[in-house]
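In the two assemblies presented below, chain A is common to both, partnered first by chain B and then by chain C.
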Partner chain A sequence: MANILTRMGDGERVQMSVSEVRDALLAGTHDAAQKGKIPELGSDELEQLLEIFLDKNRIVGVAPGEEVVLTHDIGTLRLMGDQANSGVGIPLSRLQGILVHERAFAADTMELGHIDYSFKPVKPIISMEMQEYETAAMMTIVPLFYGAMPNLGTYYRPDGPFGNPSDLLPQGKVREAREAQLEAAGHATRDMVYVSSKLHEVACEGINFDTTAAAGDADFYATLNAVAEIKKTMPEMAIEVGMAGEFILGMHGELFFNGQRLAGMYPHQQVKVVEEAGADIFGPVINTNTSRSMPWNVARAVTFVKHTVAVSSIPIHVNVGMGVGGVPVFETPPIDSTTRASKALVQIAKVDGL
Partner chain B sequence: MPIAHVMASGMGGIRTAGDLVARMQMHRKMKLPAAKKYVAERLKISVTDLSDEQVMREIREDLDIGIITSVPGSAKGMEAKARIAALLDLEISTVKRFRSKTFF
Partner chain C sequence: MVSVQELLDRAARAIVNADTEEAVNVAHLTLEAGVDPLLVINEGFSRGMAEAGELFERGELFLPELIISSEGMVSAVRILEAVLPKQEKKVGVAVIGTIEGDIHDIGKGIVATMLRVYGFEVHDLGRDVSVKKFIETVRAVKPDIVGSSALMTTTQTGQKILEQELQKAGLRDSVKTMVGGAVITQRWANKIGADAYGENAMEAVAKAKELLGLTTK
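Showing the complex of A and B:
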């Protein structure tokens, strides 16, 4: 059989034989199973994945009736933002960007987000965000979230008031690093609850916590506590928790939520604490390995996500942006790879959304 | 890039019933099959028809719950959301606020 045209994790096009693709799929699922201590994909599922990669068409898709819901992060920054925000620099207002997504991009939901897309910088200008949300909510039909990143790193020096664990840990100051993280987490929780409560005053339909745990277990801890508090006092506000990476980095190492240690958690474990905190939708991340092929990466992602879906009692909207969810690490991810990841996650991992 | 996902596997937002199914996930934590079943039952159609543009355009016009193209006189924004809230028997916070501010 002729070689299959596929890609590496960095987007580079490569040719692989059918047996090489088969081996890559097996290796990918095995890697996920070993790391996560979860089941590998079955032979039927691997054959189904192989068929997706054997398909010679540029674009592949799911069958009618299998379609899923898409939630969006990053607000409208992909339109008016700069490269650092994955943006294309079109000078649109945020309201225009939201309506473009609703009317032209077939978005199922949409999100308002600040240009400095983290909770800490939003706090001092929250009135601006409230009024922007009020206006957008009058004009939109699709559900409208407000999104921001917990981004615990903004609380550490030099950007914030607390000691920086990245400086303290190499000096062997473990106790000081842990204290700093715990203090920062407390402030971050307070700020996230404050911002959410102000948006609640203008009837915000939902909050999206984007790139949760980017700064490790303390970041995750702060977010879980914020979600729990929000759900206690504002239960009608929907909450989506989207992750930053597949694995919770133990920058602190001794932080627990409901008796479960957060450091070292994989998606199927992360979802359980997110559920316990009260969130409505969970967005797992599986990181793409640029040195491996896309068949390897997709098989790995599907293995992790399938198990996460199986153990979850809330909808799973897997992250499938650049470099995650079986999508190549490239600014403009190739459409052939993107649609293959999409199809695999919907048909085999049985996600509730993307 | 989201457009690639929309084309491959997205429901299609207000082109079809994507926004309606999304609301059931957000507000009632419904997983996809349950969310689709609920919306399909409320609309009295099959689950497959939920993502059929031809079927859903007629339904959205008849129910006046918002359509993609800008037809003068069709419900837009808050008008459409209020009708969606009633259709799905869902309390949508922005609609509730609108009602409280307008005495309806």
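Showing the complex of A and C:
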């Protein structure tokens, strides 16, 4: 009997029977285990997951005492952006947005980020960002990060000076593509260190490298080198590394950090190099498959994240939102899906933060 | 003296290891040892390419290596192809190209090479080929097969336009059409009315022969 109301990975509401949900959970954990070569969830954990999906309430939550840290990245944009830009169209400044998150939304940390949200375009306006950060930091109690994406894509043509691997590789120009990525990575590292050092001058509490490795292994390589350099010269500044996806694309294929090949890494491997680089928090991403159900996606996300937590020595603040962490790819993620994914990741994967 | 099995294994390994130099060496060794080139292409290099594809799917081999593997395969097959006995009668004529807006050439290049190996006369139009160019070539060479490749969802619609334009030009009934490329599926082929979809080079050859009633399954 199909009586459990849940969703597909694209947000569509569907009804599933208990046995269908059970099968989906099993298939989801199996998929993660197979891809990541990690352990599947145990039967008791799958039962816990089933209970979360059996709950008839629209919103689910954890018991008192099980709460975890709730952080936001560039949340200010979600307030000030219009609806076509993932926002709700409320005319607020970035400072007001940060204060709303701290005082009304009970965010445990918040972040200042520029609308371009990438280190490269922030570089020429860093003086203004320093002022804005200082003002915001003076008015907030919660830890305030400065966040931006490494975004190696901005260093490739047409946005940057280096050859674009996406053009070069299909032409068979492997050597040129690899050289371009290495050069771009060098510049990106320098920019990330420069921007961070300027923010350090205004007592910045932390840098959030968001959407890391979006452009593949060279993007990750540039970020890890930047993190290592920042930790060496500005050790008191906290660093969070959040990922773009669950898998490091091998656009270069032969980049190593501390002897480990970056291409092909899954979250439980990513966290180890992030730790070695000196980061303080890791934000894994598990991608949502739109043609699979939420039980499948959540079981898969929990399997990956649970193992990442198990091997990590630093706090894990998993990404949970549109298209990640088991949540459907939906502009405004439905509350039933975000709360179920969050509860599962907290109770079973034992994450430190969302 | 190198054994045939050793030669086949070395050929496959050279492709998996993305070692073009070794692939070329194996091709020369094949000729020196007098081993059947077709056997080495099928059981050695093609096997290696299939293995490389699987490793890529599993995230254990990456795009640059896959590209080098493909280049190694094409270089080695080119050497062996030159000594294959010329077939008195060509199997068929194929026009092949990557659809307009798409610059991905490697997979299509392998398909073209394998079609040649199996006796087709191949007119490889290259990449970023306009529908107009396809139509002109079909008029000029009167092929049996028209194959188009697309690697991106943004360019795959070009294959649909090609089907429509062949129809408009009154050429559709005189040719069999085939589609391929990373984003292409049998479902897409059915949807646009293409006669066949080939997932990889060997399947493309098999389907091309099947379309011409030359099945050797």
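The rule is simple: the second predicted complex is superposed on the first by the 347 of 354 C-alpha atoms of A that agree within 3 Å, B and C clash if a C-alpha of one lies under 4 Å from a C-alpha of the other, contacts with A are read in each partner's own complex, and residues count from 1 in each chain.
Simple rule for what comes next: a contact is a pair of C-beta atoms (placed from the backbone, for glycine too) under 8 Å apart; a residue touches a chain by one contact, two chains touch by 3 or more.
Source: prediction; values computed, not measured.
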Exercise. After aligning the two structures on chain A, examine chain B and chain C and state clash or fit.
Key: fit
Practice problem: Using the superposition on chain A described above, determine whether A:K35 touches chain B (first), chain C (second), both, or neither. | Solution: second
Quiz item: Hey, is it chain B or chain C that touches more of chain A?
Solution: B
Practice problem: Considering only touches as defined above, state whether A:G250 meets chain B (first), chain C (second), both or neither. | Solution: second
Self-check item: Contacts of A:D55 with chain B and chain C, given as first, second, both or neither
Solution: neither
Exercise. Classify the contacts of A:D159 with the two partner chains as first (chain B alone), second (chain C alone), both, or neither.
Key: neither
Quiz item: Touching A:D10, do we find chain B (first), chain C (second), both, or neither?
Solution: neither
Exercise. Applying the touch criterion given at the start, work out whether A:V320 contacts chain B, chain C, both or neither, answering first, second, both or neither.
Key: first
Practice problem: Quick one: minimum Cα-Cα distance, chain B versus chain C, in the superposed arrangement, integer Å. | Solution: 30
Self-check item: chain A contact footprint on chain B (complex, rising order)
Solution: 1-15, 18-19, 21-23, 25-27, 29-32, 35, 47-48, 51-52, 65-66, 68, 70, 76-78, 80-81, 84, 91-94, 96-98
Quiz item: Which part of chain C faces chain A closely enough to touch in the complex?
Solution: 59-65, 67-68, 71, 103-106, 151
Practice problem: Could you please specify the touching residues of chain A with respect to chain C in the complex? | Solution: 35, 167, 169-172, 174, 177-178, 217, 247, 249-254, 263-264
Quiz prompt | Touching residues (chain side chain A, partner chain B) in the complex | solution = 59-62, 64-72, 78, 102-103, 105-109, 137-144, 202-206, 236-238, 240, 280-281, 313-315, 320-322, 327, 332-333, 335, 338-339, 342-343, 346, 351-354
